[in-house]
Each structure stands twice: as C-alpha cells, then as structure tokens.
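Here is the structure we will look at, set down as structure tokens.
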C-alpha cells in the first residue's frame, strides 16, 4: 500500500488525446514566441544599424536610406489618444445606459446594434471615412474647431497654461537629475506653441483628427461591450443599497455603480486603446500618410501600422528591415498595453472577491 | 409632508440632466451604424449586378468589370482558415478547459490572450517572414496562414467559454459510466454544445472575412482570379482597399459595392449566430 | 485514530480476503469492502482510513453532516475522486470479481484501469446531469454505445429495460428522441439512474440523489431504490436521516472524515452505541 496515495494512470486513449491537446497547445505557444523571433530576425539589420535611437529619429527618408520611427510613434499615440478621449465617455455612458436606464428590450436591441457596429470590417470604416467623414470634417468640423479652439483663442491659451502647470513638476525632476535643463518660461513657451498649434493650419479633411474620430467610432463597440460586462459584475445589492439610502438614480450610478466598477472600466478603456493602437486599414486610408511629426491635429500624419501597410510592398533592404522594426515596436507596445489592462482588471477582480 | 428642499430640488434636476445625457450618449454610440449603412446602400447599391459577381476587373479607364477574382479569392482564403485555423483553435479551447490549471494550460491561456492583442498588420509581417520569404512569392497559403493565426485565439476562447458552461458533473457522469475521458468529451460533451461552438466559429469567420491588413503582403492580390494556392490571391477587403484609394471612378464604385457585399455577408453571419444562440 | 468498530463489523471484516473459504460468505456475500481507505484533497485529509464492507444486493446508507467526507468516500469507490485536481487516495477497495471462483479484486491494485472499474460500479450524482444535447434514448444508451455495443436491437432492448427499472419508461416511451434535458428534475434524475443501470453495474453508488428534488420526486426515487434491492448493491449517501431509515438495511455514520459507527439501520437509529451518533440522529448537531 502506498502511503502517499496514488494518482490516476490514465488509459491509452486518454494519454493519446492528452498528448494531442498538449502538442497543439505548445504549437500555439510556439507560434506566439515565434512571432517575436521572426520579427526580430526580419528587423535585424535595422536593429543593428540604429538600436534604440531608431525610436527617437525624426527623419524617415527611404531614398536617402534614413530611418527614424518617431513620426509614426507620435502619430500612433496621438490618433489613439484622440480616439480614447472621444470613445471613453461615449462607451461608458452607453454601457451605463444599457445597464441602468434602457428597458430590457431596448437595451438588448441597442446592444445588438453595437455588436453589428463591431462587426463592420476596418476597410469599410476606412472607405466611409475617406468619402463621407473626411469632407464633413474639412468643410464643417475643422473650420469650427479652428475658430473656437485654434490659435489665438482663449481655449488654446488656457490649455497651454494648464499643460505647463501639469508638466512643470516632471520637468523639475528632469532638471534635478541633469537629464535636461529647462526653465519655466521656456517650458511655457513650448506648451503655448503646442496648444496654439493644435487646431492650426488649413482644414484638409484627411489627417490626424479624422483618423482619431474614425478610430473612436471603431473602438466604441469594443469598449462598450467590455464596460457593460464590467457593470454586470456589480452586484445588485450595491445599487439597491444606494437607492435605499435615498440616492437619486444618477447619484446611485455615480456613487455605487461607477465607483465600484471604476478599475474595470479603466481596464476596458485601455483595452480599447490597445485596439486603436494596432488598427491599420481605416487609419491608413484617412490619416493622409505623411512621414513627419505633425504640429497640428489637422495635418496629415502616419502611424506605425499605416506606414507598414503603405510602404512594405515596395521596400527592400534596410527599408524593409526598418519597417519590420516598426512592426516589432508596434507589437511590443500593443502587448504592453494589453497586458497592463488585463493585469489591472484581474487585480481588481481578485480584490473584489477576496 | 414630502416637500422638497432646495437642495433636493437641485439633486432632482441634476438627476434628470445626467440621465438625459446618458440617453444621448447611448444614442450617439449607434448613430455611426446608420450613417455607414445608409452610405453603403446609397453608394454601393447602384453597382450591384450579376457582372459584379461574375466579371474580373477591367483596366483603369474602362467601364464595367466586377470583383469575381476577389470573391473567389476570399472564399479560398476563408476555406484555408476553416481548414487550419478553426480546428487548431478548437483544440486549444478544449486544451484550456480539459487541462485546466496545468502548466500547459496556464501558459496557453496567456499566449491566447496575447495573440488576440497582436495587431493584425504584425501578423501579416510574421506570415510574410515565415511563408512568403521561403516560398519566394505571395500566395494563398501565406494569406490562409495569416488569417488562421487571427482565428486561433478567437475560436479557442469561444470554445473554452462554451465548454465551461457544461457542469463538471456531466463529465463525471460520463466517467462514472466507465467511458474514457476523451470519449466522454468527444462523444458526449461536444455533441451537446455543438451549436455553441459553431456560433464561435461563425463569429470568427465573420471577423476574418473582413481582415485586410494581414493579407496585404501575404496573399497580396491579382486581377485575373484564382490560379492555385501558391500564387497571389485577391480578396474582397484588399480589393476594396486598393480600389478605394485609386483615382478611377469605376473602381471606386466597385469598392463601394464590394463593401456593401462584404458588410452584408458579415451581418448575415452575425444574425445567423444570434439565431443559433436563441435556438439553443 | 480511534476507529470504533462494532461487533458485527469485526465479524465481517474478520472473514478476511480469502476467496470464498469462509462459509459465511455463502450466506452473506460481500459486494464491496474497503480497507483503510484514505483520501486527500491536496494536504487536506478528508477520508481517514475507512474500513467497512457492504453486502451484496443490499441498500447501504452513509449519513453524516455535510463536509464529513461521505461523498468523497463513495467517489473513491469508483475511482472518480482521483480525477479531481490534487486528489490522492490510499488503501484498498475490494469488489467481487467476475471470475468463476467469485474471487475478489482490488480496484486500486496497480495496473487496474479506472475506466474498467467504473463500468462495474455505476454512479448517480446530486444534481441530475443528463448529457446536454443528447436525446433520452442516447442518454441511456451512451454507456453501452461507447463500449462498442452498436446493434440497434440490443440497445433498444437495454434502454427499455433500464428505463423500466428506473420507473421512467411509461413517461418517456413516446418521446425517446426528445433531449434528455427537456424532462423535469425528478425525471432527469431517474433518467440518470436508468443510464447508470444500462451498463449493468454490480454496485450503484448514489451521491445524495434526491437533495436537488422536490418531495414527490424524492419519494419516487426512494421507491425505486427499494425496488432495486435484490438486483443490485446500492450505496447511497444522504443527509436526510429519514431517508436512510426508510430505504437502507445498513447504515454508516461519518464524522470529520472518520467512520464513527456502522450497523443495521434499525439499530443505528434506535440504539446507537456511540454518543456522537446519538447526538447527530437526535438533531443536536449537523
């Protein structure tokens, strides 16, 4: 007799089946790891030539064999941020609307429409963006924005002051460690220039802002669905507790619902950000494709994904390798953002049920 | 008795405004659907004809032509995905639910999570490096490979979710009858959840049929129709992209009609899954 | 670990493992005997060196407060416990062999396939668990079909007898093609009993089979169990003491993973030897 006890030996069929499952599991895991390896191999020439400086380089000039990815990193981050700024309130609001306000049938109908919105292929959003949204942006939205928020407006000045106040403490830290030397007045001038430049320039239609809007429309269904799931996990007792204390519906939403689900909602917005960062086709079609760091939201730009889509087929040598390096960087950023969002959500879930 | 103080009145006003704002947001979220859909019909409907489905495209400047090459190519690519990506995804989903907390399953779960977050253009780059470079050319194989990678995590996830819904005791009932574990799963559990699994597969196919980025430099495109799995293959989304960014009016018309057809197919697949869900 | 052993029990285990040499075996055949059976979940010792024996074609009840290890114990008897994560078992379980001498077999002997053990020891679970998506017929036939019995006529016959044994035939004979999950809870549980009986097990383990059912369905299942007496050995876990008193002839009382007392049901409920048993059946704890 065995004191430690016995474990099931399993019969032949089970062992074979288990082997098959394990084989394909590890094949899929290998596929994922292989992605990193192959991308690194493909971009090896660029990695060797530039190293980390690649990300800081502002010039991308294929005929001159000069490659720096900063314009695309800026383009990706800027367009995704615009998208998230628009999408987050709309999505979370919609999720709350679906959970708390809409009657059951309306709620499931709207949820169904949102699902359909999520099903529309990226290239169709792009097509619509180019031929329908871009002209509207050019003729109506952008002139309006330029007038109210453009250069020499109160909004721009206020934004500049705000940004200076916000960034100044961080710049002090940089001064302290000798990373850079920048005075308050210099910083203020810079921030003012950025703030006044945001809505400057001719309204072209195609550009950073339009791609941000298209991206927002594309991630709204994702973020709405995720937020809705998060809100579903808030137990009814929390809501009823608030209502029982005499809270109005909105107070209940604000105090009980949103606060309880706060972290999960942030997680779902970040997952939406991850989607926006990796989105390719729609952005490629509406961003205008210019390999320069834009000064204004009206200017055409380029994202990491769109530059690959645009140039990869006509590239070779260092150009191809640099594009692959851009892809590798995009991969890593997307992974990081997703991992962060998932960890956040998981951490919170654990906190809630512990 | 129940008079409202000024404070309470303010609270009620805030409440009404906030609730109203939420309703507006909910409405705002779905307006793009109407805009996009109406423009698709407005611009695309006129180009719908038998020619669109049966003719290959004509050169720039000539009238007429269709997207037969892209439609057939898309079908080929989707078949390849169904043949490779879907079964592997299912096996991974089964592995996730069967091997539960084993080391393999834990690593696989992370890998599947991360695979869903890989930008599709990066998957295209990977397929380029793995298939196009060694084969020295664009091919349907490469496109099918790329689309399969998109499919695997989606199908794996949905399969796992469905299998999770089957209570542990149903597995045990099978085991208690003296049936080996794998037979319990394959013959007793899976047949019971097949509509659920099919739903996941259809959703994955709907998603994949609109994927463009992974195909740009794997399957690439052609303008004459399917010429074998080892040659460049056109697809509806890539063709829409190329034609939408062209300057030829006929081609742009084709792009709108193509988009209408594509969205129609994707919507039908989604509706079908809803029907399946309701039935089961 | 002080294991209280009643005289009858000593007498029975005293018969030893030798094949059919003891005369008493002729009179009272032992269907199943456990020897120092222990079970763990990880480091948690949930069943502690249980030794008891069960007579053939008898109804044997296991009672005790929840969490006392009685469910785990019977899950060890068809080697189902070890399918769980971190689960371990030690000790031996002997059942009547199918060989000519009626020699006994240890289901935990190394080399024994748990799958073949489970063909001979059926089980019914707490909650009715028909296979989803399978018809009533397919549910009952599943055990045989997957053991390569494919002749339709044989299957039909077995399904009918099993459903009759489970007292469900009259209710479902016209809708054998309907999904098993379309039946009511009580019917589903009888379907599960029919499914377990279809493979003709020597022993039928029932893990609180009525705890999820309404009183009327419960009564039907109890009736059914009493009818099965004489045909198959039944071991039933229950936390309903009246139920144990009604249907079983032997009862074992478990507490904290240990066997406190075992004996004829009548005696356990009228003159328990252990004060803990008395406290439990008089409702002072559990």
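A few notes on this one:
In order of appearance the chains are A, B and C, and numbering begins at 1 in each one.
What we mean here is this: contacts are C-beta pairs under 8 Å (C-beta built on N, C-alpha and C of every residue); 3 or more make two chains touch, one makes a residue touch a chain.
For clarity, every value in this text was computed on a predicted model and none was experimentally measured.
Distances between chain centres, each the mean of the C-alpha atoms, put A farthest from chain C. Here the two chains linked by the largest count of contacting C-beta pairs are A-B. Taking the mean of all protein C-alpha atoms as the reference point, the chain centroid lying nearest to it belongs to B. Per-chain Cα centroids separate chain A from chain B by 20 Å.
With centres taken as mean Cα positions, chain C sits 49 Å from chain B. Chain A and chain C have centres, each the mean of its CA atoms, that are 57 Å apart.
The set of chain C residues touching two or more other chains comprises 83, 115. Within chain A, the positions touching two or more other chains are listed as 11. Multi-chain contact residues of chain B (touching two or more other chains): 180-181, 183.
By the touch criterion stated above, chain B contacts chain A in their complex at residues 11-12, 14-15, 18-19, 21-23, 25-26, 28-30, 32-33, 35-36, 39-40, 43, 88, 91-92, 94-95, 98-99, 104-105, 107-108, 111-115, 117-123, 125-126, 128-130, 149, 152, 156, 180-183, 185, 206-207, 209-213, 216-217, 220, 237, 240-241, 244-245, 252, 255-256, 259, 262-263, 266-267, 269-270, 274. Within the complex formed with chain C, the residues of chain B that make contact are 100-101, 166-167, 169-170, 172-181, 183, 187-189, 191-194. Contact residues of chain A toward chain B in the complex are 10-11, 13-14, 16-18, 20-22, 24-29, 31-32, 34-35, 38-39, 41-42, 89-91, 93-94, 96-98, 100-102, 110, 112-117, 119-128, 130-132, 217, 220-221, 224, 248-251, 253-254, 274, 277-281, 285, 305, 308-309, 312-313, 324, 327-328, 330-331, 334-335, 337-339, 342. Interface of chain C with chain B (complex): residues 78, 80, 83, 85, 115-123, 125-127, 129-134, 142-143, 146-147, 192, 195-196, 199, 205.
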